[in-house]
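Shared between the two complexes below is subunit A, which pairs with subunit B and subunit C, respectively.
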Partner chain A sequence: MNIKEIINTLVSGLISGSLYAIMALGLTIIYGVIHVFNFGHGIVAVLGGYFTWLFLTKLGLGLIPSILLALVFMFFFGLLLFKATINPLLKTPNWEFSTIIFLLGMGILLENLALQAFGPRVKHIPAFFEGSLKIGFVRVNWHEISLIGIVLVFILILNFFLKKTWFGQAMRAVAQDMDGARIVGISITRIFGYAFAMATMVTGFSGILLGTKYYMTPHIGWDWMVKGFVIVVLGGLGSATGAVYAAFIMGIAEALATLYLGSLWVWPIWFLIFVTILLLRPQGLAGGRTL
Partner chain B sequence: MTRFNPPALEIQDVDSFYGELQVLRKASLRLQQREVVVLFGPNGHGKSTLLKAIAGIHPAAAGSIRYLGEEISRTPSAQIVEMGVAYIPEARNLFTDMTVGENLRLGAYNRRARSQVAQNLAYVFDLFPRLAERRDQIAATLSGGESRMLAVGRGLMSGAALLLIDEPSIGLSPIMKRAVFGAIAKIKSARDIAVLMVEQEVEHPLRLADRVYLLKKGRVILEKPAAEINKAEIEQAYF
Partner chain C sequence: MMIAAMAHWKKIGIILGLTFIALYPLVHGDTYVMHIFILFFIWAVVASNWNLLMGYAGIFSLGNIGYFAIGAYASGILCKAFGWSPWVCILMGGLASMVCVTLFVGLPALRLSGIYIALLSLIFADSLPTILTQTRSITGGAMGLHDIPPLFEGITRLQSYYINFALFLVMLTIIYRTIHSSTGLAFVALRDSRSFAKALGVNEYKEKIKVFALVSLLTGITGGFYVHYLGDISPTTLAIEPFLLAIAMMEMGGIGRFPGAVLGAVIIVFGNEFLRLAGTLRLALLGALICAIILFFPGGLMQFIDWIDLRLTRLKARRAISS
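For the complex of A and B:
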């Protein structure tokens, strides 16, 4: 073991941790506000990446315009999905259970639609920057530095949005006490709808970022979803701060496991940490805290 | 406005159910503008249910509810708040992970109140200096009395013309009770506001109220000016 290896591993853990953080935030927003777990999460992330790829290669748009268009697209896709399907479900008894099952079914449907439309071959989104930065013995791609930067800025913006805007405060209010939110004049279904749309966009964005570092197939979404699930549970379901901490812990754990044990050990180590922390602290890292 | 000077609230023959269970049976009452009315009644006979029907939290199944002459029995709760009705539930329903200040600010969520956040905040802090001291404290850590004050304060932030308060004194020490009722007395004298208050405690509210209603088995069975009724008479009517 040498210091160079460790530093390189920590840096790579920070990079995947930041990607996991943004992915887990989409899941956390939906869980926090609507109190259902989105089993369609993975494919939503994949779709964000696929639409970007589509606009990039088929419409011939530049990388940034393609991403922006995909984000707008994902927002309205989420809003439409909510209005057309989840909103009617909310009016039924047992809506939480029906919604969870519906989202799972929708995930499988979308995965297969994506398979039909795009085929099973692996796709990439190009890096934002070429070249790398060398500090001493540590070498990091500019692209990966930009990923960390983007995620950190995103977290700051999200935090500002949640704490300082009427809409963000209304989302937190719904997350913390639904009757209380109604009492102050917040329309629950309206907040649900926009929270779902926003989470769909954020999740799509995480898929785009993941697609620039790793690769995408229609099936990879399930892996991403399981990772997202572990992270949000570990962070304390519904807590944004907890999810961010958990994402970095798991990112670094993954990098260390890959270095010392090999990449086949990543999943066993993830679940070992998951089970251990939950045994010691069943409420998760930021347990009991809400959005 | 349908009439020249309509009552603040006019409830006629309201029925309300939870599933099969009928809780309100043709309940009727009325509040003039700026009037303070107390609704007494035994436990479980539908007082809270009536307030929830007015606020649109658990809408009435039948009957009419008019606020300043306008029918609101089918209106969504968000719009009822916007029209000027504030509901302060017995359960408080505070946003427990937010600070006192954030809770109060959210009380002014409706479009009409947003432009008056600063004035209303000053008013609430003047009414409950304790809340001003705890402005940055997380609501979950407030004492019972403080969280009751916060619930009332949050209701006042909406700039309401009709305040519905459910058992503001429940579980409070005598000193806290006096503080809360004192605040309601101040609201009454200073603000252009009508108050419909549900209470178990009799003495304080009787001193505050203009009129009294008694609700039993989902019906309003008695209506009297507060000056013409006493504790014994109210308690007798419970049985």
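For the complex of A and C:
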């Protein structure tokens, strides 16, 4: 294997890693704050992409306004979903189990409704920038560079939100110690609702970015979701920083596996990595740290 | 007399139901309905096994369709490649499923709990289709395996019906026995209060491995019967639909209740045939059904049956007092 291929692989690994990072963040926020594992994660991401596509082609809005409108939509969709269904379920005795099955059922319902509404054909969201950049033998699309940039900026904004704003701090307080947060007067239900809505928005955004890089069908969400699961477990459930590191590791590992073994071995490799993590370090890279 | 009979209405119902199933082919014997019944026998066993793992042992496994598919594929491949008797192959398929699941899910699961096991088993089942397409020469890839020999030459639908009915009865008896044995009690104790059960001397590792081995063996054997009945199998068995059907069966009947999974299987298998009228909306309806059950009837059908039971008991007590 020559150096050219390896560097190209690393670059493509970084690009997919950045997309996985933002996708895993949506999952991590929900688990970190509410301790619910979102099994409807995939379809939420796909819906974000489909909303953008809808606004772009049917309403004739520009790319940026469509994305912003889709994000607003996703936020309120998440809020509604939480208030109407997850919140009552959290009060039942075995909520851990019922929320998982509920979100699974909800994911399948939404997936098939999306299939009815948009059809099974592949949809694309146009790239942000055309053309490509060539440094030596490495050729990268401007679009992919912009994706890495967008993800990094997004992670910084999210970090600022979580660390510096009142809502972000309240969210972290709930994640770290629910009773303590309640004592100092934080409304748990309200924080849960906004955390869920925000995570839905982040997930929707990841779907939009994935839709620009790859393609969208209503079913693709499952693949994204399972990848997101492995990433959050590698990073340590509920840890945002861990999830970001894990996403880049898995992005590069996937690119290397594709290079050396072929794309069909990618799934078994993901499973093997997953089992290895669970056997060696079930608490993940960040090891039990919260949001 | 009437009241006394009513108190045993559940037993009467079970006996009537089993008699109906046993006599149906002789009385009416429509081949299509018999086919649906055979699917019901198989799915009821799969759902009951899953219920044993998830409801009784409290282990969040989401990969049971994978265990089923391993048994089915192993049996089909052995039978086609070596021409062994299907009966031996079914047993070997069950053992293959047991070995794979215990090795890749059961052993890692010893150190894990809750959500991690759910993710592990889901991803285990999810990576099977790619392995199947990778090993096209043996497993037939995306096209699947075809012309798998039936249980014996010239088998009729009627014979398959009774063979699968026997499978159904034997499997359910094994599951029922397990639930009501000390092993089953240990599962329930671990599910309800892990530390208390361990303090009482329940060996958590041993029980966990036992339940994984038993469930995957039984599910794998059922997979073998399924594949020799239908004659072909493809990776679509591992798609979302069978998974969803099995989950819906357990939820419908009530998780953690032995009769629940069987009741759920009756309703979902027969209901699914009607849902075919809905065409492409079928999966959406199933998803909506699961959501609705969890939101509005968390106990499933068994909750309803318990409610009737309670009413009848109260009625009986009131009669006893007044007389």
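The rule is short, and it goes like this: the second predicted complex is superposed on the first by the 291 of 291 C-alpha atoms of A that agree within 3 Å, B and C clash if a C-alpha of one lies under 4 Å from a C-alpha of the other, contacts with A are read in each partner's own complex, and residues count from 1 in each chain.
The criterion applied here is as follows: a contact is a pair of C-beta atoms (placed from the backbone, for glycine too) under 8 Å apart; a residue touches a chain by one contact, two chains touch by 3 or more.
This one's a predicted model, so the numbers in the text were calculated from it and none came from an experiment.
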So in the superposed three-chain picture, is A:Q169 touching just subunit B, just subunit C, both, or none of them (first/second/both/neither)? first
Between subunit B and subunit C, the one with more contact residues on subunit A is chain C
Tell me the contact category for A:I220 with respect to subunit B and subunit C: first, second, both or neither. neither
Thinking of the overlay built on chain A, is A:V233 touched by subunit B (first), by subunit C (second), by both, or by neither? second
If we overlay the two complexes on their shared chain A, which of subunit B and subunit C does A:D179 touch? Say first, second, both or neither. first
With the two structures laid over each other on chain A, which partner does A:W265 touch: subunit B (first), subunit C (second), both, or neither? second
Which of subunit B and subunit C A:F97 touches, first, second, both or neither: second
For A:S187, is the partner it touches subunit B (first), subunit C (second), both, or none of the two (neither)? first
In the superposed arrangement, what residues of subunit A touch both subunit B and subunit C? none
Which bits of subunit A are touching subunit B when the two form their complex? 166, 169-170, 172-173, 176-177, 179-180, 182-187, 289-290
Within the complex, which stretch of subunit C touches subunit A? 60, 104, 108, 111-112, 114-116, 118-120, 122-124, 126-127, 129-131, 133-134, 240, 244, 247, 251, 255, 280-281, 283-284, 286-291, 294-295, 298
Subunit B - residues contacting subunit A, complex: 55, 57, 76-78, 80-82, 87-89, 91-98, 102, 105-107, 109-110, 114, 154-155, 158
Complex contacts: residues of subunit A adjacent to subunit C: 37, 85, 88-89, 92, 96-98, 100-102, 104-113, 115-116, 222, 226, 229-230, 233, 237, 264-268, 270-271, 274-275, 278-279, 282
